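The first chain written gets the first letter, and so on, giving A, B, C, D and E; residue counts start at 1 in each chain.
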Amino acid sequence: MRVTAREEYCAGCRLCEVYCAVSHSPYPADPVKAFRKSPHPPISRVLVEEQRPVSFALQCRHCTEAICVKACITGAMYRDPVTGAVRNQEERCVGCWTCILVCPFGAIRRDEQGKKVAAKCDLCAGAVEPACVKHCPNGALVVEGKGGGLKCM
Amino acid sequence: MSLSMATPAFLIERNLDRCIHCQVCVRQCANEAHGYDHEEQRVYSDDMRCVNCHRCVVLCPTRALSVRQFPLEFRANANWTAEVIHNIYLQAATGGILLTGMGNDRPYPIYWDHMLINASQVTNPSIDPLREPMELKTFLGRKPEKIVIENGRLKEALPPQLELELPVMFSAMSFGSISLNAMKSLALAAEAEGTYYNTGEGGLHKDLYPLGHRTIVQVASGRFGVHPDYLAAGAAIEIKIGQGAKPGIGGHLPGEKVGREVSETRMIPEGTDALSPAPHHDIYSIEDLRQLIYSLKEATNYSKPVSVKIAAVHNVAAIASGIARAGADIIAIDGYRGGTGATPLRTRDHVGIPIEFALAAVDSRLRDEGIRNQVSLVVAGSIRHSADIVKAVALGADAVYIGSAALIALGCHMCQKCYTGKCNWGIATQDPNLTKRLNPEIGAKRAANLLKAWKHEIKEMLGGMGINALESLRGNRLMLRGIGLTDRELNILGIKAAGE
Amino acid sequence: MVTIDSRGIYYRDLNRMIKQAINDGAGEVVLKNVNGQRYIGDGLRGSQRIVIEGTPGNDLAAYMDGLEILVKGNAQDGVANTMNDGTVVIYGDAGDTMGYAMRGGQVYVRGHAGCRVAIHMKEYQDKVPLMVIGGRAGDFLGEYMAGGILVVLGLGLQPGEDIVGDFCGTGMHGGVMYIRGQVADYQLGREVKLVSLDEGDYQRLHAIVQRFAGYFRLNTSRIMAEPFHKLIPYNKRPYGDLYAKA
Amino acid sequence: MYVIIGNSAAAVGAVEAIRRVDDRGPITLIAAEPYHTYSRPLISYYLAGKVTEEQMAYRPRDFYIQNGVKTLLGRKAEAVDTRARRVVLADGEGVAYQKLLIATGGRPFVPPVQGLDKAGVFTFTTMDDVKAMAKEATPGARAVVIGAGLIGLKAAEALIRKGLQVTVVELANRVLSAILDQEGAAIVQAHLEKQGICFLLNNTVTQVTGEERIKGVLLQDGQELACDLLVVAIGVVPNTAVATGTGIRVNRGILVDDTLCTSEADIYAAGDVSEGYDMVHGTWRVLPLLPNAYRQGEVAGLNMAGQVAKFAGGFAMNAIGLFGLPILTAGLAWPEGEGYRVLVRADEERQNYRKVVLKDDRVVGFILINQVDRAGILTSLIAAKTDVCGFEEGLLEPGFGYVHIPVELRHQRLLQGVGTGW
Amino acid sequence: MVGNDGWARPWELQGNHRREGSKRIPSGCAIAGMINRKGRTMSGVDAIQSIALMHDRSNGLGGGFAAYGIYPEFPEHYAFHLFFDDHKAREQTESFLNQHFNIELGGPIPTRKVVGISGAPLIWRYFAKPKLEQLRVAEMKEDDFVVNMVMFINERLDGAYVFSSGKNMGAFKGVGYPEDIGEFYRLDEYRGYIWTAHGRFPTNTPGWWGGAHPFTLLDLSVVHNGEISSYGANRRFLEMFGYRCTLQTDTEVMTYIFDLLLRRQGLPLETAVKAVAAPFWSTIARMPQAQREVLTAIRTVYSSLLVNGPFSIVLGSSQGIMALNDRVKLRPLVAATKGDLLYVASEESAIREICPKPERVWSPRGGEPVIGMLEDAMPKAVPAPPVTVCHL
């Protein structure tokens, strides 16, 4: 499973980023608090690329043969055998950025606001629909392939 | 001129307690009414640029925004209103024609709202449309005077007809005035709900050829995109003579809207103005219209109904009669509230007549002359909801065209700035940054939902009248009563007053 | 080749016969005794030839896409209306509104043409319509013209007779006119200007006139010996400043 | 019966691969170090106190149990008896194998310098190394690090963080000479100097002074530095000892084919001990990097378990952060010879450095300093040998991303995968 | 009118569409005209054939002809052609006519049964001269007197309508395709030196014969194609001169304009044409001063007679014909000559149908009249002073 952008419908509003950040903040239901109460604005795991008029959101492809998992020096990065989601155990991550170096999609972000960790899409673990998909005003993000992700390498 | 008399029309209110400076508003405002101050790390607004399209308000994740009329007032003056004064300032500064978009917004009476629909009580039964059959199917096209059956077969096949599952079609809106995604939304919705959409005079985009059977292709004075494949692709051909929002004048699609796709579809070079002359230069009289109608029939081997669309003007009844006699199979009449992408303000607001009167007059005239059955009558010009449709059909329409209502379903917020090409809802624009804001799958769903909802409502109202087939309502003016109308208006509408 | 004596045949029947002949594989259809039958060639596509002897009716070759039509006589109004491609050759005069919204193909008229000719003629990609009028043209020539090439040769003018009428090129915003002779300023629309031809123009024109002369057995160099003027629009946005911009 | 010698990334890769295919076949894992598999690169983090020993586990504690692996930890494999198909341990015990993987990694290269046997001299590759060093790295102590490579600088960073005075001695003319060019190295060096590290370039230690314990070092240029602690971090060499005396062919590392099989049937080698195919250089060579080690181990494991898998090659790549300054590099970053084009955007003041090396319109290497986001896209362009004609100028954008890549290629990659064939 | 549901249907009560005049009816058309300038007569067959070729320009709701020189036996009598709804109307009208005219001969106009022609009224004609004492009482010139009588009948006598009132000429018209109308009136049996013809495409069906073209007044006849946008301005100006535009058709207005300018004000035809199809001010500005002053005077004095909007007309009179387009030529018009013959028509093919090899064929410019006068036609009569038309 992964979230795919249909760039022809991406309005470039970046609400996906806003809601991704909110849902990964301590106040996942309250955007105002999420942004105003945290010492740092929460970091989004979705990244909207834009070069007008093209724009699209990009997040982890949840590769089946995820190079980030293979390359991770600490073993923090792993692929959930049940959901297929590639996730980062942030408590084990040391922020060495090897995953940044190898992810062919550039889908992993550096979160340096607290402890340095690699921040990436976790498909809003447990949610029926990831926050970015749910809040995209134009259906430009879709959940695809309940079975697995891409073979990235 | 260094001094500008311009003042903001709208005031953007930002609740700073709720604003998270996420810049969604900044990114979404094509008019640049919102900006981000990197030094201060906060968003700000420029009221002057706001057109009140609500895009920012709707998308703001924290509901921090609101827009209202700018509170600046002139000394109270019922005659020299602020609008009049501002328009003079603008014309004094530019020397230009005032433009606007969408339909007439003046407070003229809305006659739909002065008609009431009948319902059955006791003496004849109402019908429950949820359980019982309720037919809305409508055929548009010329009907022969009579049918001849030989050996159990029709001697002559019925002339070509459009088959509608409900008496509503999407009216002509060109690719150019609206985006391809808007076009696709309507085309897909028409396909889903069994009705038709109309190319306007913008040609038929290649992506829409597969939906040709749901397309009414228009031939207008600019003849944009008109070629044999185009004519062959449509289910019907509509000759556009006039439009309710701008009766008697042509249209200019500015060159900046003629990008690659529009250029390909209209078959004109990129960046050229697409000028639609006020008249068809081959039609200066009614027999010329006949000549054009038949040239189109000849070119398509008499396989498609030909519609003629006119604006509702003073002698609309006589004109309609002439059109029927000129060989048109469908007459579409667009009332003075009809919308448009761009029109001179004064023309929009002061030319034409209400569709309610035009419809009543035309239907009566055609019946008087015994030719009502030869031609189908489609009315347009601010059909807002299903009750308007029921009233239109009762007055005599076969079907209605909806334009503004369809666009509102797609997200239009009626800011009337279509002509700027900066439609923040991706509808009336060709800016690729904006057109992609309208996902045609969503658009199609919404437009189809609107039709579905109206279909249910029409059925409910029909059931209430004890009618289970739309044709029994058509021209059935007994089902209408007027309220708050003068005798003369009642006469023109051909209906009795409530209580009579 | 199929020959049809058109005398007294209603246009609808005549056109059906023409279409039938073409469907049956005729490469050339000769219509004799045509007088006033409308819509000949309308919407037809292909590379066939129709030869018309007589005076065809209005809207000849409308929406046509590829055929060649030769008119051995005068043509009436509406020739090549919204024509997409093909060739129309008229050995006599042509009426009003010829080439309205014509998008491609070629029209050659040996004689004069009426009013409102080449209105809204337009070009698109490889389609560049060409119209050559041997004699004079009436008022509103090339009104709203958006593309294509229009040549007026002024052959056989009476002394003092104007080669084009008034309001020539009104609203023109694309394409080019080549006029063999003088056009007074007052005859021009406000959106166009007269300029000199360059070498490229003459080469282009020579080829066009040669084709024209070929159809009518005329002498190219004699036609080319007279000076031409070139009419072009000031810009492709003639009415850009008409509206108030906030 | 699978036997794996080694307990690092390649070994883990092999275990995970074998278990994907064969969930029963007994696996025995032999390692000289007595520890559960841990992440070697984390030793500098450990030294700096950023991670605990517990957090250094490369896989969860129960990893081998869950995967049904019998571990022989702290037991050094001494030799391989290829005829008898068994591994001989240092204690004489033999472990029979049907498929054997040699994943013994590298060992620190120690130059022939007098006095390196004194106390206070360390190498910096193993848990034991760092544990020993941690005991002696006390605030205020003077440390000398030989080698301004990845290991040396990480050690230096950790020592600074622990409050030591650190001098780095480097034979080359710049820091990180294996991965950085002059310009990039200058930025890094300046950054490190700001944190208090002293550099002595074009220089090296010729002698260690002191008695039992180190007192100082003598440098090539004659200088003498007093020091309490010396870290030898010149590099690592393949730890091929176990192959000695077998028929397994060894160059610098163990030679393998693209299935990671050595010259001996059923014996595989992976990771730093072997020579892998460098797709940028087009040669086989040692690629001492963790990602490569894992992937080689994985390929070896698959082949051992009966699948046919091939290692398409790798190339040098490094991610290193020094006092918050990230440096990401890959491939050929300072090419020599004809046919290369170098694109550079530098802003020394902001410590931003971006360099992309092209050959035949393909990216063959890059250096990113500070603005390193989305470096993996560049890495993947190297791996996929993508023709970058048409979007070259985007490569230097700090925000270089898919939006700069032509739409067809973008869609192909985002929707169908990158298909680098690594 | 009451529906069978028992209540009035007001929209059916609003006006009598059966007769023109209650509503303005725009119409499009085909026109044709021909003259032998030597005054030699032609059979009506040519006119029928010519207009018949343009069948598709009309819609079967009107056709008509005007023919000059058809009553050589009554050259000095007014030939009144009338439609009667019934004999009561006829009797009433005849008694009115007898009161004011000496009727030489009267009777039904001969017709034949034609498929496609139905609902014909009673169609009679009378050859008559005004009674001299009546002229004296009215203090009127003869032609004004006749005009007044015609207008009185048309406006006041129910069920009667004079559709032709000239000398040695006549209009023949009705509801149907023109070729059928010609057949109906047996025009093959008439010979005239001028014929004009009309096929009508009205934008509704009055079903009333009087609405067909030509519209005539005395010997002036007009067939017309197009729609006049200036109708309201033209009409209100004419009404100041006593004209009653009872039919509300463009043709009627056009006829009155020429009647006013030519007969009553005695302007030369060329001048009248400049009033109706006035040159643009920009064109006038380029003229020599004297001419500029004349044109400026015409355009300012007769500004309300500028006929705006597309039209082409053929004006017939006993002296000749004049065909004219609006000043920007929005309606088709083709002219041709052969020997003494001048032809005009909406389409060239309509001319070629009866004159396959004309010597000259041309398309007149907008506002440029095509005039064909009898060779021996006298210059137009001396202008008569304006008269007051008595209100009947």
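Here is the rule we go by: a residue touches a chain if its C-beta (ideal position, glycine included) is under 8 Å from a C-beta of that chain, and two chains touch if they have at least 3 such contacts.
Nothing here was measured: the structure is a model prediction, and the numbers come from that model.
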Separate pieces, if any, that appear once chain B is removed in thought: A, D | C, E
item: Separation of chain E from chain A in steps, with touching chains one step apart; value: 2
item: Comparison of B-E and B-C by number of C-beta pairs in contact, larger one; value: B-C
item: Chain whose mean Cα position lies farthest from chain E; value: D
item: Chain with minimal offset from the mean of all protein Cα atoms; value: B
item: Relative to chain C, chain with the most remote C-alpha centre; value: D
item: Between chain E and chain C, distance of the C-alpha-averaged centres to the nearest whole Å; value: 36
item: Distance from chain C to chain A - Cα centre to Cα centre, in angstrom; value: 63
item: Rounded Å distance between chain A and chain D, as computed from the means of their C-alpha atoms; value: 28
item: Contacts with two or more other chains, residues of chain B listed in rising order; value: 291, 294
item: In contact (per the touch rule at the top): chain pairs; value: A-B, A-D, B-C, B-E, C-E
item: Chain B partner contacts - residues on chain E that touch it in the complex; value: 5, 7, 9-14, 17, 23-30, 56-59, 61, 201-205, 225-227, 310, 330-331
item: Touch list for chain C against partner chain B, complex; value: 11-12, 15, 19, 38-39, 42-43, 45, 58-59, 62-63, 65, 77-78, 81-82, 84, 97, 100-101, 103, 116, 119-120, 122-124, 127, 143-144, 146-147, 171, 173-174, 236-246
item: Contacting residues of chain D [partner chain A, same complex]; value: 13, 39, 41-42, 45, 50-51, 55-60, 290-291, 294-295, 298, 317-321, 324, 326, 328, 330, 372-377, 379-380, 383-384, 399, 401-404, 407, 413-422
item: Chain D-touching residues of chain A, taken from the complex the two chains share; value: 4-5, 47, 49-51, 54-56, 58, 61, 63, 67, 70-71, 73-75, 92, 94-106, 108-110, 112, 116, 150-153
item: Touching residues on chain E, where the partner in the complex is chain C; value: 53-54, 56, 280, 282-283, 286, 328-329, 332, 334, 347-350, 352-353, 361-363, 365-366
